[in-house]
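Look for subunit A in each of the two complexes below; its partner is subunit B in the first and subunit C in the second.
And now, the complex of A and B:
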């Protein structure tokens, strides 16, 4: 993929994440902060489908943005065909693992498994 | 051989003094980005304890809802606000907003893109991050 396309994805995921994370934080503000972290309150959030979908979107957007940012930093520090390939595949693997692990939590908490 | 010696690696990356405020912003952007990635991974991991039931969740809360946990969260709030505000500045700059008009390079060769508007935005990003951290401290320790 062209680097210019990757940077557009980087900026797109950033803007999307800013909006969704703001909503995610505002959900904590709907009640007292420590109350909002109580087990029943958090489980109720996961059971609310639009919120669960939003969490999944945040997970994907931030994973892509975060690991692409890490990739950019690592490639700025050192270059080389083998090294860049390892960084690229390492970051893709990082995204896949984090999205899979986070999705597992959202699904299990959402469906009460 | 000479090219090799010019490679400063992480030392060059961490030197904020040589190129002014823009270099500080560059440095802070990367540092906050790495910090936020670490926090995000930890957050995904800590919230996964909810699937193990109420007891596991309470145990995790006991670990994170401490003075140290609140201080870490306050730093995360600051990093998040700076990274967002400065990121928007960088995006606008790359889109050509606020970088000035191209002109003939005359002595003392000041780049038009490194202008007072962008410097002001960097300072505003740092100021916003400080304000958000103060608000975060008030919310977290005010209960």
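And now, the complex of A and C:
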């Protein structure tokens, strides 16, 4: 993939995450802050499908953005064809693992498992 | 036939005659073939208010230590040969007066981010090879010498698009100041990127696609963190950091 496409995704995920995290934080204001963080309120969020989808989107956006940021830092620190390939595939694997684990949490909470 | 050998001191009367001030010049001495680390050698040198850093280095070289390795040529900030770190900042030795340093100690070191050949002389091989890779010339199928016209006319506005970037003298100071180049040895660097912009922004050029492809690499334009130090140190007033941001505009689709 061309670096400009990767960086467009990087900037896009950053903007998307800022918007969705802002909505996520604003939702805390619908009730008392400490109350919003209680077990029942959190589970209720997961049971509310649009909110669960938003959490899933935040998870994907931050995973992609974060791991691409890590990839950029790592390829700036050290260079080499083998090393860079390992960093690229390692970061893709990192995104997949993090999204899978986070999605599992969202699904389990959503289905009350 | 008699051979006339000029007295070396005649070339530098200003550093010898009627001087009231003096500075300590610290020169970094390093030969990669024999030394493991750089050492500083100190010299007390008389100066006048118009004396430049290159003047005192050459005075030392001629009178005190001929082994000092330094690259220089025009002595008027045109050739870009005498780039070095002066009191920690990349600058042209011929363009830096001792009086503007506000210090009695002048420390000169080779530029960062370049392999050292010896003392203050650094290797420009990779620098010029990267510059060449970006095709620093007008690319187009036709020639200006065909037909009735002998040149491609441009409006002042069209020239303004790239003019400041054409002032680059390839001194390497921007690359030396670049924090990304300090860690990423494969990074294209501000000099080559600014030159890529210089030709892409030129309306006579048709090589935009080729150059954008070259800079759109994992060690290309996107590795610039916009520290802006390249623009700070440029002795010719070129703003490579701005050129890089404008180039990004082409890649992100903001500019055509």
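Quick notes
Simple rule for what comes next: the second predicted complex is superposed on the first by the 113 of 113 C-alpha atoms of A that agree within 3 Å, B and C clash if a C-alpha of one lies under 4 Å from a C-alpha of the other, contacts with A are read in each partner's own complex, and residues count from 1 in each chain.
Keep in mind that, in the parts below, contacts are C-beta pairs under 8 Å (C-beta built on N, C-alpha and C of every residue); 3 or more make two chains touch, one makes a residue touch a chain.
This is a predicted model, so every value here is computed, not measured.
Legend: residue contacts after superposition of the two complexes on their common chain; A:43 is shown touching subunit B, with no touch to subunit C.
Between subunit B and subunit C, B touches the greater number of residues of subunit A. Look at A:76: by the touch rule set out above, it reaches both subunit B and subunit C. Looking at the shared chain after the overlay, A:31 reaches neither subunit B nor subunit C.
In the superposition on chain A, contact of A:2 is made with subunit C only, not with subunit B. Taken together, the two structures place residues 7, 76-77 of subunit A in contact with subunit B in one case and with subunit C in the other. Chain contact summary for the complex, subunit A toward subunit B: residues 7, 11, 14, 18, 21, 32-34, 37, 39, 42-43, 46, 59, 62-63, 66-67, 69-70, 73, 76-78, 98, 101-102, 104-105, 108-109, 113.
The touching residues of subunit C, counted against subunit A in their complex, run 180, 183-187, 216-223, 251-252. Against subunit C, the residues of subunit A that register as touching in their complex are 2-4, 6-8, 72, 75-77, 79, 84. Every residue of subunit B that touches subunit A in the complex is listed here, in rising order: 9-10, 13, 30, 33-34, 36-37, 40-41, 44-45, 47-48, 50-51, 54, 57-58, 61, 65, 80, 84, 87, 91, 94, 139-140, 143.
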